[in-house]
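See below for the structure under consideration.
As written, the chains take the letters A, B and C, and residue 1 is the first residue of each chain.
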Amino acid sequence: MSLSIRNQIAGTVISVTPGEVMATVKVRLEGGQEITAAITLEAVKELGIEAGSAVRALVKSTEVALATAATTGLSIRNQIPGTVTEVTTGGAMAGVKVTVAGGELTAAITKDAVADLGLAPGATVTALIKSTEISLATV
Amino acid sequence: MSLSIRNQIAGTVISVTPGEVMATVKVRLEGGQEITAAITLEAVKELGIEAGSAVRALVKSTEVALATAATTGLSIRNQIPGTVTEVTTGGAMAGVKVTVAGGELTAAITKDAVADLGLAPGATVTALIKSTEISLATV
Amino acid sequence: MSLSIRNQIAGTVISVTPGEVMATVKVRLEGGQEITAAITLEAVKELGIEAGSAVRALVKSTEVALATAATTGLSIRNQIPGTVTEVTTGGAMAGVKVTVAGGELTAAITKDAVADLGLAPGATVTALIKSTEISLATV
């Protein structure tokens, strides 16, 4: 499968909490991080996602925010520490590559944010991803 | 109504599944594709959305991912086949126009993704849109 | 906390409607606008979010759409009127700064959208933000 979605991280489902139309799925990534995905209950059923399922967590780069300091009291469930390895700046947007335990993430953020946060290779950051922005693929 | 949201596709509501705070709405697009939108239950009630309602499905271009091969086992509910007609590349991002049955979609993806997938006019792709990224407008 | 998330607006929680996995949280912003955030129930519990909580609403600039005319019949819950103060155009994307009551918003939209809507400093717009795209931070 060839997808434009830059971020694809392998992991194993820990638990599924079903609601009436949505479900939250907790996944332990290969790098050890635990993430939460909020997907439709229908998707959970059709893909047969349950504890133990091998999945890939998919996140578009435009859905990844970066923080340069400790974050507390934030509703964003997924916070993955890493180190910036590359910054590519365009006219309005920028692409930032971040090495995390077990892989690499790409964040597409505004050029202004890169400047304000002083992002450059070597910077320590936390990648922030809202649960509703994570899709899952069964392997 | 003049909206910056690039993708606006007309359709008819097939069904509404209400949860406590969210609802999923299935819509048949004019091109024949069936899509699922996850919106707040409040929006469903205020707009009076029900089976038979004429709606437009709205999707920001940053929410459209592209796949160049068959996709299976993916939690992303909406998968619309099409053909690339135009690629505009910026410094970090790129805009890709895709003709689909009944209309056209624009995807704003990273420049890296365009290169990795070899996207160019004529390429066969599938546009992928997570249910939570689709808004609805009543006509 | 230094975040790449451009839009951070202070406000006070008015009400919380819990579902089984998701919850909607209504927040009155400092500028007087009322917004709705759809976040996981888990986040509501862990952060102790309830009526009266002081929060910041966080929205990535890629999640902000703009409308230049009145919008009705739209499932997008959050519609904040403002005035364009700056447009920065890149190869594929553009950054648009919008002054709203009580603060400023940044929208990252396609260059095509800026051209089609004729966006320029002084333009009157409405910023549109889907509930699922709003995160909350406790203060």
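Basically, a residue touches a chain if its C-beta (ideal position, glycine included) is under 8 Å from a C-beta of that chain, and two chains touch if they have at least 3 such contacts.
Quick caveat, the model's predicted, so the values are computed rather than measured.
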Please compute the angle of the rotation superposing chain A on chain B (C-alpha atoms), rounded to a multiple of 5 degrees. 120
Examine where the copies chain B and chain C touch and state whether the two sides share over half of their residue numbers (same) or under half (different). different
Inter-centroid spacing, chain C versus chain B (mean Cα positions, whole Å): 21
Which parts of chain C, given as residue numbers and ranges, touch two or more other chains? 19-20, 22, 38, 62, 90-93, 108, 132
Where on chain C does chain A make contact in their complex? 1-6, 19-22, 37-40, 42-44, 47, 49, 58, 60-62, 88-95, 106, 108, 132-133, 135-139
Given the complex, residues on chain A that touch chain C span 17-20, 22-24, 36, 38, 62-63, 65-77, 90-93, 107-114, 116-117, 119, 128, 130-132
